[in-house]
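Look for chain A in each of the two complexes below; its partner is chain B in the first and chain C in the second.
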Partner chain A sequence: MNSGTAKWQRNIFIASFIIPTLIFFCIFTIYPVAQGLYYSFFDWSGMSDTKTFIGFDNFKEMYHDPIVWRAIGNDYFLVAGKVVGIMVLATFFAVALTRFGFKMAGFFRSIFFIPNVISVVVIGVLWNFIYNPQIGFLNAFLSLFTKEQVTITWLGFTDHTIWMLLPPAIWAGIGFYMILLIAAIQSIPASYYEAASIEGANQWTQFHRITIPLVWEQIKVSVLNIMMTTLNGSFVIVWIMTEGGPDNSTQVMGSYLYQMAFRQYHFGYGASIGFVILILSLITTIVLQRLMRHETVEMS
Partner chain B sequence: MNLEIKNPVAKLFFYVILILWGISVLYPLLWTLLDALKDNEQFFRNAPWALPDFPLIWENFSYVWNKYHFDTYFMNSLIITAGSTGLGLILSAMTAYVLARYKFRGSGALFLLYISSMMIPFVLALIPLFFLLNSMDLINTKIGLIFVYASSVLAFGIFVLVGFFKSLPKELEEAAIVDGASYYGTFFRVMLPLSQPGLITIAIVNILNIWNEYIVGTILINDPSQYTLPVEIGVMQAEMQYRTEWGPLFAALMITIVPVLIIYIFFQRQIASGITAGAVK
Partner chain C sequence: MIMKKKFAALGIATILAAVSLTGCGSNKNEEASKSPSASPSASTPAATESASAPASESPDNTVKLSGDFEIQYFVGGYGDKWWKKVIADFQAANPDLNVKESGGPKINDQMKPRWIGGNPPDFVYIDGAGLNDRQMVEDGQLEDLTEWLKDAKNVDGELITDILAQPAQQFDGKVYNIPLVLNSWGIFWNKGLFAEKGWAEPTDFQSFLDVSDKIKAAGTTPFIHTGKYPYYINGSILYPAIVSANNNDFTVLQDMAANKEEAFRSPAVLAALNKIVALRDKGFIDKASIQINHTDSQMLFLQNKDAFIPNGLWMPNEMSKDVPEGFNFGFIPSVTQDAGGKVVANTSTATVAIAKNGKNKEAAKAFLQFVFSKAQASQWAELSGAPSNIKGDISSSNAPSFVKDAAKFLTDPNTVVIPTITYNADVDKAMMDATDALTISKITPEEWVERVVAVAKKVAK
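Then we have the complex of A and B:
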């Protein structure tokens, strides 16, 4: 009897702590995601109540939409560019600030993280100003070396404008991954390095024989995270800086979704773009995990 | 303990790279401030790196604050950030505590549900969220945005806090129970205070993310009186094509950046531990 009440009390407690969160999470996260998948099978302008079920027609239309292919290409261009740019620099800074005994390491570490606490919108506006054809930094700087005023429209090339979005994305991303790698490197026992240097291993050998294998787990997590956040969120900087233009040449899947749904009111089509983003990020996760499978070295 | 680099040339090389990157990070902040003190004419006459003329145009700040209604946007951002951080924190702490300490049917599945949701691209939910909030009459309201933001930070909070609660010694709770505390008393009087470091870490990370959030705000808020700072910055920069007011734009950027910089300066350690805790999957 007594243990029955106790058990009942325990269950009430568990339920009262689990259920409010779960209901809230279902309404504002699970349900919208499920709806997003569901809408992708409809022709729906969003304004009217009439949704017409059209099966896979949205996806067929996407297959024949050249902008979709361009957007996917741009997405993977940004993923590749950011993975390489961010990982190389973040690893370099992490090693330089932990292993080389610089006196000002703490100061540099604090400074380097600053772009990560600034809103992407602000970063977009700042870089827009750098690229501004009339009063921007880049043209003013180049004009120092030329007779005539340089007036290049950096964000208006018919091709390759997407390249211009890479520097802000890398600049803004490094600090986060640097902090992650610094924490990983600092958890490597100093005795490993001491033993290695007694045996005459130089800094480079220590880097690729000790540091890299022992932080491989964090490198993997970083690469996956860069990929996820790029496919999922890089469109904010695209939207702020180019709105996908000129002539859709810098469109990524996220910005195209936004444009289709909230500018052109093709909500069904927009939703199916979202579906494709999900599929792409799942496939890419699996592929990357395979590629980076590596004997993880356990520290004892 | 660390091995110093012996070669002075190599050392210099590394120093130069570190300093260059440091400048690339700090300098934009400096010219944001300097350019916030210029008028339009100076932007077109002088190089972008030129120092502002005297007298400095501090009026740019009062101009955006009053004429562009940044007083309203600042308050909106403050209310929304505080509300959603607080709500997200309490909801995730409750679930995380139960998941860390009590075994029940489905507990593993529940944990997995929250964790795997971190893998789902949030863009997928944008369109339905707009219609969901519309049907709940929460579109263009702070409370609507608070609900969406709070929900979006649950998974991260639960993930980090489950680990944190598990690391606390069980004896403390057992002692509390022996002293006759109820389940609720144990949680609110013993466990919650003990988990303060974890809670602060999550709160800081969430505050930064929510304060800076742009896209969800843009979609769910169309009424200018309800704009957050990033949403207004986006609108302002789009308007710059028709009406050029560079000085005020930079003043607006400063108003948006300074609060997060202050938080960063004071809570660096918590932010770093939040990153490492969140990424170890």
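Then we have the complex of A and C:
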């Protein structure tokens, strides 16, 4: 009897934690996702009180929409560029700030982290000024080395403007992942490195034989997180800097969703784009997890 | 194990409960949104004769307005001073009516659920992002005013259609909204700079090209536009150029708005696009244009880094804090006409309409009659800094001088005034993208036409 009451109390206790969270999760995540999927089967302006059921027509139209394919290409370009850029630089900085023990490490850690506390909107505006062809920093800097004033329109190339969105996105992302890796590296016992040094291993060998295997879990989490936040969140930087232009060359799925749903009054189509983003994120997560499956090295 | 099963069951039960709860929530919301605050009886004006009422403002003062009456107005570049004033005046004239105002810069988004839920405000001012008259008409959100407007008189007893400077736009021959503002797109320059450098102010396309050559030779870039929002260059250069090339007949633009393929394929469109190509190929267009927004392009113009800018008449007001001393705005509605040809003014407007599902349409119509009067016209010009769409002399009002100048331009018999035209949003976007691509040599004028025709065809289906 007593054990039954204890068990019951335990269940109540656990339920009191799970149920409210679950309810909020259902209301704020499951329900909107289900609603989004529901709207994707309709031809709806987003303003009208009537909608027309059109089955999979929105998805069929997406298949034939060249901007959708370009947007998906841009999304994965940003994912690849950010994963490589952020991970290489964040790992490099993390190793530099922990393994070489120089005095200014704390200062640099703060400096590198600053972009993370700035709103993406501010970052977008800031980099717009850097890229401004007339009064921008970049052209002014380049003009120091040329006879004539440099007037490159950094965000106005006919084809490769999307490249220009990588530096701000990488710059804004490094700090957080650097801190994550610093924490991981600091948890590696110094004795490993000492033993390796005695055995004659140089810094590079130590890096790829000790540091990388022991922080692999953090690297994996970082890569997945960069991928997910990019597929779901590059909308902000794109919208602030180019609004998908010129001529849709920097459109990503998020910005195209916004454009179609709220600027061109195709809410149903926008919802179907949203659903595709969800599916792409899920597939990419699974693929990346498989690709990065690695024997887990545990510290004993 | 049993424990695990119990938790699983508990979890499933909770999900089911939550799902049903969310269902309840949405149903309740719909219920709530469908129950209007105004009682049905209140929306039908009591037809009580008020013999003692002074024969004042209301021409049909036999009908005493009562009940709730809600006005939705967006607050943007024109501010909300006029709205506050006119609503207060209307309330004073109709003490039994409970006028509710829903205004603000985000009001279009805030009211969206009510439009979707079939419980919109009675009266709407269509301006700002999120509201598009053509889309609202297609969605069946606006009241058909065609018959009513034919003999509707304002509070002064004048026929409303007689005093409108520009007629209402027709959608398949029907009228749903009436233009309240009459603004114009056009080309600006700095008169001070032009006088100082001895540059001639442009009057037609040839003189525009000639002076641009001089400007370029003097080391200044002749022309900057807002590539991030290409509707500035479309509104100020392309559309007037199309009308000029079409013997000043603007019906070609109306046909374009009706998604007629032959309109886009008309030689006038190609001729106009080739004028943009001429500017591009002569190196007159500032390279920075393609990537900058309106504020940046306006700042560069105000710094005299560029001589001409396509923009709307609201620009001097918008940039008033940044206008340097000695900067004197010169303005012409179009530069794309041949020598001796008429100036073409492409109007930019904001309209007012009555919601089809509104509860108090009588009050909404009375408000239209109240708003479209000469007294309100000069009050609008004074409080919003833009010309009103009501004919009338505002020279004696306190309106800013450039507003008076603009009004003069728009009422000049030698100006071809393009009435309000709203393009389909998809076609509009295609035209903007294509113009951007044209200015950076990515496409040819023929490709511009093909691109836009493809979208127009798809939309027309």
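Rule of thumb we're sticking to: the second predicted complex is superposed on the first by the 271 of 300 C-alpha atoms of A that agree within 3 Å, B and C clash if a C-alpha of one lies under 4 Å from a C-alpha of the other, contacts with A are read in each partner's own complex, and residues count from 1 in each chain.
Operating definition for what follows: a residue touches a chain if its C-beta (ideal position, glycine included) is under 8 Å from a C-beta of that chain, and two chains touch if they have at least 3 such contacts.
Worth saying up front: this structure is predicted, and the values here are computed from it rather than measured.
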Contacts of A:Asn225 with chain B and chain C, given as first, second, both or neither: first
Touched partner set for A:Ile18, first chain B, second chain C, both or neither: both
Touched partner set for A:Leu155, first chain B, second chain C, both or neither: second
Partner chain in contact with A:Leu37 - chain B first, chain C second, else both or neither: first
Partner chain(s) touched by A:Val125 [first = chain B, second = chain C, both, neither]: first
Which superposed partner A:Phe262 touches (first chain B, second chain C, both, neither): both
Chain B versus chain C as contact partner of A:Ala195, first or second or both or neither: neither
Partner chain in contact with A:Ile286 - chain B first, chain C second, else both or neither: neither
Chain B versus chain C as contact partner of A:Ile114, first or second or both or neither: first
Broader residue contact with chain A after superposition on the shared chain, chain B or chain C: B
Overlapping contact positions on chain A, where the chain C interface meets the chain B interface: 11, 14, 18, 22, 27, 30-31, 46, 134-135, 262
Chain C contact footprint on chain A (complex, rising order): 7, 11, 14-15, 18-19, 22-23, 26-27, 30-31, 45-50, 131-135, 151, 153-156, 158, 242-243, 245-248, 259, 262-265
Complex interface listing, chain A residues touching chain B: 9-11, 13-14, 17-18, 20-22, 24-25, 27-33, 35-37, 39, 46, 89, 92-93, 96-102, 108, 110-115, 117-122, 124-126, 128-129, 134-137, 140, 171, 176, 179-180, 183, 190, 193, 197, 203, 206, 218, 221-222, 225, 228, 231-233, 235-236, 239-240, 254, 257-258, 261-262, 267, 270-271, 274-275, 277-278, 281-282, 285
Chain C residues within the chain A interface of the complex: 3, 6-7, 10-11, 14-15, 17-19, 21-22, 25, 112, 115-118, 129-130, 132, 135-136, 138-141, 227-228, 286-292, 296, 300, 305, 357, 425-426, 429, 433-434, 436-437, 440-442
In the complex with chain A, residue positions of chain B that touch it: 1-5, 11, 14-15, 17-18, 21-22, 24-26, 28-29, 32, 35, 43-44, 47-49, 91-92, 94-95, 97-98, 102, 104, 110, 114, 117, 119-132, 147-148, 150-152, 154, 158, 183-184, 187, 208, 211-215, 219, 229-230, 233-234, 237, 246, 249, 253, 256-257, 260-261, 263-264, 268, 271-272, 275-276, 279-281
